[in-house]
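Look for subunit A in each of the two complexes below; its partner is subunit B in the first and subunit C in the second.
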Partner chain A sequence: MKVLMSGNEAIARGMYEAGIRFAAAYPGTPSTEILEEFAKYDGVYAEWSPNEKVALEVAIGAALAGEKAVAVMKHVGVNVAADPLFTVSYTGINGALVIISADDPSLHSSQNEQDNRNYAKFAKIPMLEPADAQEAKEFIKLAFTISEKFDTPVFLRSTTRVSHSKSVVSLEEPIPYIDKTAITYNTTKYVMVPANARIRRVAVEKRTLALKTFANSFPENKLEINNPDVGIITAGMPYNYAKDVFPDYSYLKLGMVYPLPEKLIREFAAKVKKIYVIEELDQFLEEQIKAMGISVIGKEIFPYTNEFDPGIIQNAINNQNKATDLPVKSIPPRPPNLCPGCPHRGLFYTLNKLKLFVTGDIGCYTLSFMKPLEGLHSCICMGASIGMAHGMSKALKEKGKGKIVGVIGDSTFIHSGITPLLNMAYNKSNAVIIICDNSTTAMTGMQEHPATGYTLLGEKTKQLDLKVLVSALGIDNIRVVDPYDLKNTRAVIKEELAKDGPSVVISQRPCVLFKRAKLKAQKPLQVDPEKCTGCKVCLGLGCPPISWKKMEKKEGSKREGVSVIDENLCNGCGLCLQVCKFEAIK
Partner chain B sequence: MGKEVKSILLAGVGGQGILRASDIMCMAFMEAGLDVKKSEVHGMAQRGGCVTSHVRYGHKVYSPLAQLGSIDLLVSFEKMESLRYLNYLTKDATIIVTTDEIYPPAVNMGDAPYPEDIISVLKKNFKLVKEIDATDLAKKAGNVKAANVVLLGAVSGYLDIKQPVWESVIEKSFPEKLVKVNLASFQMGRSA
Partner chain C sequence: MKHRVSNTKLHSKVYRGGKKEATQSYSTIRRGADDAGNKGRRRKAAWLKDPMNVIITGVGGQGNVLASRVLAGMLVNAGFYVTIGETFGMSQRGGSVMSHLRISQKSIMSPQIPLGQADIIIALEPVEALRVLIKYGNPKVAVLANSRVVYPIGVITGELNYPSLNEIKNVLQKTAARSWLIDATEAAVALGNPVLSNVVIIGALAAVNLLPIDRKAFVKEIAKNMAADKQKNNLAAFAAGFQLIQ
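Up next, the complex of A and B:
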């Protein structure tokens, strides 16, 4: 049967077809749907772990117990999981272990554009890279075969364009699950103390050599000899872009991007007159191929940054620029924005008014750095807000007193905010941390986490009490506010900023898109055009339904226009009503 | 059709049902026996930002992304968004544009005007521009949220896919209670 599937849906399907029943992940665009889809299949165990490091460790444990396990994460998630990653490369696996890294060329939804192929070389782990959904489904199966055969964890690398494009996939019958789990002891292999690790270190090098030989005969490293004048070495989605514009050139399409099939590359080089290496981001293939002494053209003509498309490849190879200008130059930008009724809006409006430095974190609320809210001033990675707020406050000493606030979402706090908060208590910090608790992982699409009380498989579970946790970490000043109540939110934050020692304010209200919260629909608000003075204060909320309507100036009036609320968009949250001094909104 | 691959661009704003519409379109191409690929972006873009979906179809499709100057058909789910991607179109491209306006933040704030002469700019640069009040037609069909399917109906007139194929994929794409209103919306768009 043929169906239309995204790369992520196809990976989940491939896992199921291959008899895989165990996976752990932390959500992150563009990887999130892999586990959401996998969790829908019968008889699987799938979990949202608190972060990627835990997810990988869970998968390693399952593999050690003889299971075939998967850990799924976005590219920056591998940074979090890097500690176990580098050493599980030494121990090898007992069952099988595949790590899926979904990279994000063009930073569609990420804070950086790192090329995780480097992790394969760095950690000495083989990496497969599919080019579309059909290959994604096949390659995840091959990854498990390689993992079992070579006693190694295996990377499957996707990119946003593979994960989130859809194409036609042929479904196959799943092979039945075979339970091979058992407790087996092998301490010299699994206890990585120096004496054991030194031995495994050698085993890793032997394995890499064996994998290099295997790569030459790996059927997904494919030669396509057509026109011998030009040869293209590529992998993943860029293969499709190149084939789209240069269907008649010769290709070496690498299904395995690490280690490289040296013999096959030499064979290809001997058959074509000139070689282009086409790869997004780093010159990962190019450097290794050039180190073999083979002359290729790569990043001299292709960009280092952003994802490619067929036009970029065509322009680079033909040394042309076909780009046409837009007939209209000044189109107002349309950046993503907090939703109408978003609980973050009131909080960040308040933070802006208090003129603080706000260290931010990863989540929807990061969007509030933009005009007009401008209530957030840094964003580095998951959990960074807390450590940074502490560091700033310590460095600024008296100058920072009452000025430094860190903000972090509930899911992000659980992901990697707990240890830095413990540090704040331990090292006598003076900053205020605000946990923006919207009861879900909103940015990636409402995933469960330990404080929601539900698992990925939909089971009820022990619900983490954030207040109890924060208290246990040694924070004595804990306050809870409703960010819809601007006056109280402002007063509480000011009180906590005035105190000595660290404070935590939990800004608590469910995400407006969160269905389980069953938020009552409130009546849309309206502006009374007679009372509105046109002061624009309500526009400072940056709420999508509120807009400015210019009017003819009347004699003796300073008013140049009025605010208007679009009743189809308004969620009735009441923030604008609170900021209007003229009672013009009702 | 011959060996060529055709490209369609669906553009608009997060929350308008663009991805659903492009899914339905892809299924229709599949049912019509063609190869099809589509691209879209999730995550950050959902929060009221720009959303686009490239749909490419033919006997064999490699790239799910179209290049600049190569798209044959633009369907704009918001009026101003049609302007943002004109450099992706071929000179002979067809444009289907809704008259619905959604103001971006700079316009809401009064910092930038909403472009006034959008349709005339489109008509000046392209031969075939079809305006359609998708939201109004969806309201008439019985559900304002079906504006995306109204636009699908409007596009269907420019594609070589038979009506029963469209109807069959629409029936498969919605829960039973929403099928009727979506079929009616499709028909509204198709006859507009």
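Up next, the complex of A and C:
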């Protein structure tokens, strides 16, 4: 049967077809749908772990028990999981273990553009890279075969374009699940104290050598000899782009990007006159191929940054720079924005008015750094807001008193905000931390987490009480506010900033898009054009339905226009009503 | 594994043929649609270019992704190879969004349409039509756009200007081979929900006769995974869109 599937759906399907029943992940674009889709199959165990490190450790545990397990994460998630990653490479696995890294060339939804192929080389773990949904389904199966055969964790690398593109996939009958789990002891292999780890270190080198040999005969490293004048070495999605524009050239398409098949690459080099290495981001393949003494053309003509498309490859090889200027006037850019009725809006409006330095974190609220809210001033990684707020406040001493606030979402706080908050209590911090609790993992599309009270499989579970947790970490000043109430939110934050010692304010209101919260949209608001003085204060909320309409000046009036609210977009949250001093909004 | 090899060979053969056909036959499509428009009757669009490159664009939250999936679903049901390239995530939140559909009778294409090579641009918001037209347009492109504006944040705060509808119309007329600007949102609001404007546009797309889709194909596609009560509304939206072109 053939169906239209995204790369992520195909990976989940491939896992199921291969008899895999165990997976753990933390959501992160573009990887999220892999586990969401996998969780829908019968008889699987799938969990959202609090972060990627935990997800990988859960998968390692399952593999140690003899299970075939998967850990799924976005590229920066591998940074979080790097600690267990480097050592599980030494121990190897008992069942089978695959780590899926979904990279994000072009930074569609990420804070950086790191190329996780480097992790494969760094941690000495083989890596497969599919080029489309069909391959994604096949390669996840091959990854498990390699994991079992070589006693190694295996990476499957996807990119946004592979994960989120849909194409036709052939479905196959799933092989039945076989339970091979059991408790077995092998301490010299799994207890990584120096004496044991030194022995495993050597085993890893031997394994890499064996994998290098295997790579030469790995059927997904494919030679296509067509026109012998030009050869292209590539992997993953760029292969499709290159085939679109240069169908007649010769290709070496690498299904395994680490370790490289040296013999096969030499064979290819001997058959073609000139070689281009086409790869997005780092010159990962190019460097290794050049180190073999083979002359190739790579990053001297192809871009280092952003994802490719067929045009980029064509222009680079043909040395063309097509300027595409049509007679169109400047078009206003449209960056993403907080939704109408978003609970974050009121909070960040308030933070801006209080003239603070706000260390931010990863989530929808990061968008409030933009005009007009401008209520957030840094964003590095998951959890960084808290450690940074503490560090800034310590460094600034008296200058920072009452000025430093760290802001973090509920899911992000659970991911990696707990330890830095403990640190604030322990090291006598003076900063205020605000947890934006919207009752879900909103940015990636409403995933469950420990404080939602539900698991990925839809079961009710123990619900984390954020207040109790924060208190247990040693924070004495804990306040809860509703960010729709601007006056109280402002007053509470001011009070907490004035106190000595750390405070936590929980800004609590469910995401407006969160269906389970069953929020009823209020009646859309309207501007009374008679009462509106055109002061533009409401525009400072940056709310999508509110805009400004120019009017002709009446005699004796300073008014140049009025605000208008698009009733199709307004959900009646009432923030604009609170900021209007002229009672012009009803 | 074998699958890929044969697929690849097919791919390279197909491409050369497909490209050549493209330049010759596009005018035929246009004539066909014009004729149909003048007579007020539709005939099934002939499949004359391979692949057809379609971009659906809009503002996050307008139902861009759903529109692309419904359209792709109809074409897959009709036996076409369809590749959809889309990005979602952060851009969902009121930012510009874009789906690339590549439709072929013969093989799978890469999910990104090369710059300057869109055949049809469908826009749920007028300025988004221009944004895509600049990058992917060419003298042969057809544009179907919703005329209802959604202001970007920079315009709301008064820092940037939004072009007037007349300016947008002029640009479309100058740069696209054919264009339609319709108030899909008004039609959707008349049906009780502005969210339906994406389906109104799909109805209009069926009416302009550039792709082999019709009401029957739409009914079949939405029957697959939509609740019965929702189907009714969506069908009304489809019909309303079709009417807008009549």
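Worth a mention:
Keep this in mind: the second predicted complex is superposed on the first by the 583 of 586 C-alpha atoms of A that agree within 3 Å, B and C clash if a C-alpha of one lies under 4 Å from a C-alpha of the other, contacts with A are read in each partner's own complex, and residues count from 1 in each chain.
Just so we're on the same page, a contact is a pair of C-beta atoms (placed from the backbone, for glycine too) under 8 Å apart; a residue touches a chain by one contact, two chains touch by 3 or more.
Being a predicted model, the structure only gives us computed values, none of them experimental.
With subunit A as the common reference, subunit B cannot sit beside subunit C without a clash.
After overlaying the two complexes on the shared chain, residue contacts for A:248 are found with subunit C alone; subunit B is out of touch.
In the superposed pair of complexes, A:30 makes contact with subunit B and with subunit C alike.
In the superposition on chain A, A:333 makes contact with both subunit B and subunit C.
In the superposition on chain A, A:548 makes contact with both subunit B and subunit C.
Of the two partner chains, subunit C is the only one touched by A:222; subunit B is not. In the superposition on chain A, no contact is made by A:201 with either subunit B or subunit C.
Contacts of subunit A with subunit B, set against its contacts with subunit C after fitting on chain A, overlap at residues 4, 29-30, 108-109, 132, 160-161, 164-168, 240-241, 243-245, 247, 309-311, 314, 322, 324-328, 331-339, 364, 367, 370-372, 443-444, 536, 539, 542, 544, 546-548.
Residue ranges of subunit C in contact with subunit A, taken from their complex: 1, 3-5, 8, 11-13, 15-16, 59-61, 69, 72-73, 76, 81-96, 108-117, 127-128, 130-131, 133-135, 137, 150-163, 167, 171, 174-175, 185, 189, 194. The touching residues of subunit B, when paired with subunit A in their complex, are 5, 13-14, 23, 26-27, 30, 35-50, 61-70, 80-81, 83-84, 86-87, 103-110, 112, 114-115, 121, 124-125. Considering their complex, residues 4, 29-30, 108-109, 132, 134-135, 138, 160-161, 164-168, 170, 219-220, 222, 224, 226, 237, 240-241, 243-245, 247-248, 309-311, 314, 322, 324-329, 331-339, 364, 367, 370-372, 443-444, 536, 539-540, 542-544, 546-548, 568-569 of subunit A touch subunit C.
Put simply, subunit A touches subunit B in their complex at residues 2, 4, 29-30, 32-33, 108-109, 132, 160-161, 164-168, 239-241, 243-245, 247, 309-312, 314, 322-328, 330-339, 364, 367, 370-372, 443-445, 536, 539, 542, 544, 546-548, 550, 561.
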